[in-house]
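The following pair of complexes shares a single chain, subunit A, combined with subunit B in the former and subunit C in the latter.
Now for the complex of A and B:
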């Protein structure tokens, strides 16, 4: 099972490298399915790229977090749980490195979803953020689908994980009771996933560090010239 | 027991020199650390912020030397203080590790990343394990 989970980011990575030969690496690919829609006026068909679905979460400060929270920003998403004895410490440690380098950039945010909403209440998430040294951070959200004890919270976070190409599911055999992989998903200012990185592989984290500025530069070209002055 | 036997076996069957046996034993500590500990305590024993205490340069190792075999075997979830910082989290126990494995593992973490300490013997570790609460 786990092996299969680990294949996902590898596959995605293969896709990415296939799309970005060194000389065309100026633009990151848009991952996911695309839809070609003929236009009613007979003009060239529109290509519609997959986006992260609508979500509504609550962060460690009790604030509601939706897609709108990240409008105009890139963000890095991952999935963890506070008591995770397996890969989470390593994964969050790697994201901490990315934060140390890019955390001050106003164009970027961080979103860690708990896959154990039954245990990870808002106070637990706040304590976790605090202990990770992120107590004062406003741009790294530790968020839950189940702030009010919603019975479907678990299902909704697993669905969301799938949308970010992260495999997460309950598994009695796995340490801590959940099997998941440590994928970082890089999402652009329009909700498209632009990169997937296996956080357990240092080379992949390096790739994220290298690709992030490429995306930020692309986003700058979308800003109106006035805003850029 | 089985491990000791295997250890002897590997030494005699391979008919390699003694130093090779010692070094493979030293590697066992490192191997165990990589497999069972590094995901939490880090490749360099650095720990993770205030979630997971470091092993590199941790005052806890010397201050609680005699208790460490039991800590590794039974895990730890009472709040503890390492280098003046209070941690309160869960470390799972390693019930399946033999005294020999625990000895090699402890010798590894106590003499790596700048740590220095008197080597432990299996005998010593066995006695400490017998006194686990």
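Now for the complex of A and C:
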């Protein structure tokens, strides 16, 4: 009995430490499907989380960008098109707010995919970036799947949008459709989707801005040698 | 210089009486969005924002229909993927129908030019009403082609499970 009394404060202290440690207190969930793979050696099974599928895009500067472009970085992805008269201006305006706060952080990038590759050529994307005031930004990519007039460019981007968003909600169709639902996807340095945020809801954008530092801090624990800003 | 935000914020600019183009670009955009949130929060009942003018109401109706059709674009592409995956003979007309519906929607968006705030209210109202009619035609085209393609897929002997799941 006496032994148990001694253990109680130790247990309480351990719990307090566990709950307040900056490195372990909060972690964003990894969204999407997961695959549990048994190990050949009989040890505990490995859990493999879904990642953003491989992509090859071209940005407003005519540069090819792939998953490797974002290796070691977090990025925020969205889907838009240049002539969109509806939600896109509001959505990109909200992303500008995030950019204004975090845009200079080298650990973060932005990726806006056009869902109208037939119209949104590289010059159109460049003009779009300019009009958004992001013409000189190197870490905000306005990208297309159809820089060379690929006939399946639109199919590709719709599949990509579906992959980003159904990864988190496989059984739920977003009210605005996957490619036009105004959702931001937060992707970590390993290609896992760590958050989805409705850009048309100010509280959701606030949540993104609150959760972004949590992800960046987690990434820092994986790269302790990287200089922090 | 015309900004991307001209179209999307037009209705809000009316409601809020803010000229977002008179400030520097980035500041104006962010400020305008802040005003947008304050003045026309989607969570705020429209009654509290004051009744929109007939032209603004018509513009909002056009945007609502546009968003509704855009939501169905996923469905078009999902059906297209399923039909392609099935490699069924006689799928040509259905694929062409889906492509035509997609093109109709994109054509509408590429030609859409909402009148700016210098246009008369009656001219604005007439434009939005006319655009609503065009979109109604696109909407009918969507419904017909989606229904036909869905029926075609349902009648296929065994659709591959690997194809993308159609939207609801």
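The rule we apply is simple: the second predicted complex is superposed on the first by the 184 of 229 C-alpha atoms of A that agree within 3 Å, B and C clash if a C-alpha of one lies under 4 Å from a C-alpha of the other, contacts with A are read in each partner's own complex, and residues count from 1 in each chain.
Quick note on the criterion: a residue touches a chain if its C-beta (ideal position, glycine included) is under 8 Å from a C-beta of that chain, and two chains touch if they have at least 3 such contacts.
Keep in mind the model is a prediction, meaning the values are calculated, not measured.
Colleague: Would subunit B and subunit C fit next to each other on subunit A once aligned, or clash?
Modeller: clash
Colleague: After superposition on the shared chain, which partner residues are touched by A:57: those of subunit B (first), subunit C (second), both, or neither?
Modeller: Neither partner.
Colleague: In the superposed arrangement, does A:74 touch subunit B (first), subunit C (second), both or neither?
Modeller: neither
Colleague: Who does A:159 touch here: subunit B (first), subunit C (second), both, or neither?
Modeller: second
Colleague: So in the superposed three-chain picture, is A:208 touching just subunit B, just subunit C, both, or none of them (first/second/both/neither)?
Modeller: A:208 sits against neither subunit B nor subunit C.
Colleague: So in the superposed three-chain picture, is A:92 touching just subunit B, just subunit C, both, or none of them (first/second/both/neither)?
Modeller: A:92: touches subunit B and subunit C.
Colleague: Under the stated touch criterion, which partner chain does A:118 make contact with: subunit B (first), subunit C (second), both, or neither?
Modeller: A:118 sits against subunit C, while subunit B stays out of touch.
Colleague: Is subunit A touched at more residues by subunit B or by subunit C?
Modeller: Looking at subunit A, the partner in contact with more of its residues is C.
Colleague: First (subunit B), second (subunit C), both or neither: which does A:143 touch?
Modeller: It touches nothing on subunit B or subunit C.
Colleague: In the combined picture, which part of subunit C sits where subunit B already is, 79-87, 115-123, 133-141 or 151-159?
Modeller: 115-123
Colleague: Once the two structures are fitted together, what part of subunit A is touched by subunit B and by subunit C alike?
Modeller: In subunit A, residues 83, 85-87, 89-90, 92-93, 96, 128, 131-133, 175 are touched by subunit B and also by subunit C.
Colleague: Going by the contact rule set out above, which residues of subunit C touch subunit A in the complex?
Modeller: Those residues of subunit C that touch subunit A are 1-5, 7-9, 25-26, 29-30, 32-33, 36-37, 41-43, 63, 66-67, 70-75, 77-78, 80-81, 102, 106, 109-110, 112, 114, 164, 167-168.
Colleague: Provide the residue numbers of subunit B that touch subunit A in the complex, in ascending order.
Modeller: Against subunit A, subunit B makes touches at 39-40, 42, 48-52, 89-90, 92.
Colleague: Along subunit A, where are the residues that touch subunit B in the complex?
Modeller: Spelled out, the residues of subunit A in touch with subunit B are 83, 85-87, 89-90, 92-93, 96, 128, 130-133, 175.
Colleague: What part of subunit A is in contact with subunit C in the complex they form?
Modeller: By the definition above, subunit A touches subunit C via 81-90, 92-94, 96-97, 100, 115-116, 118-119, 128, 131-133, 154-155, 158-159, 161-162, 173-181, 200-202.
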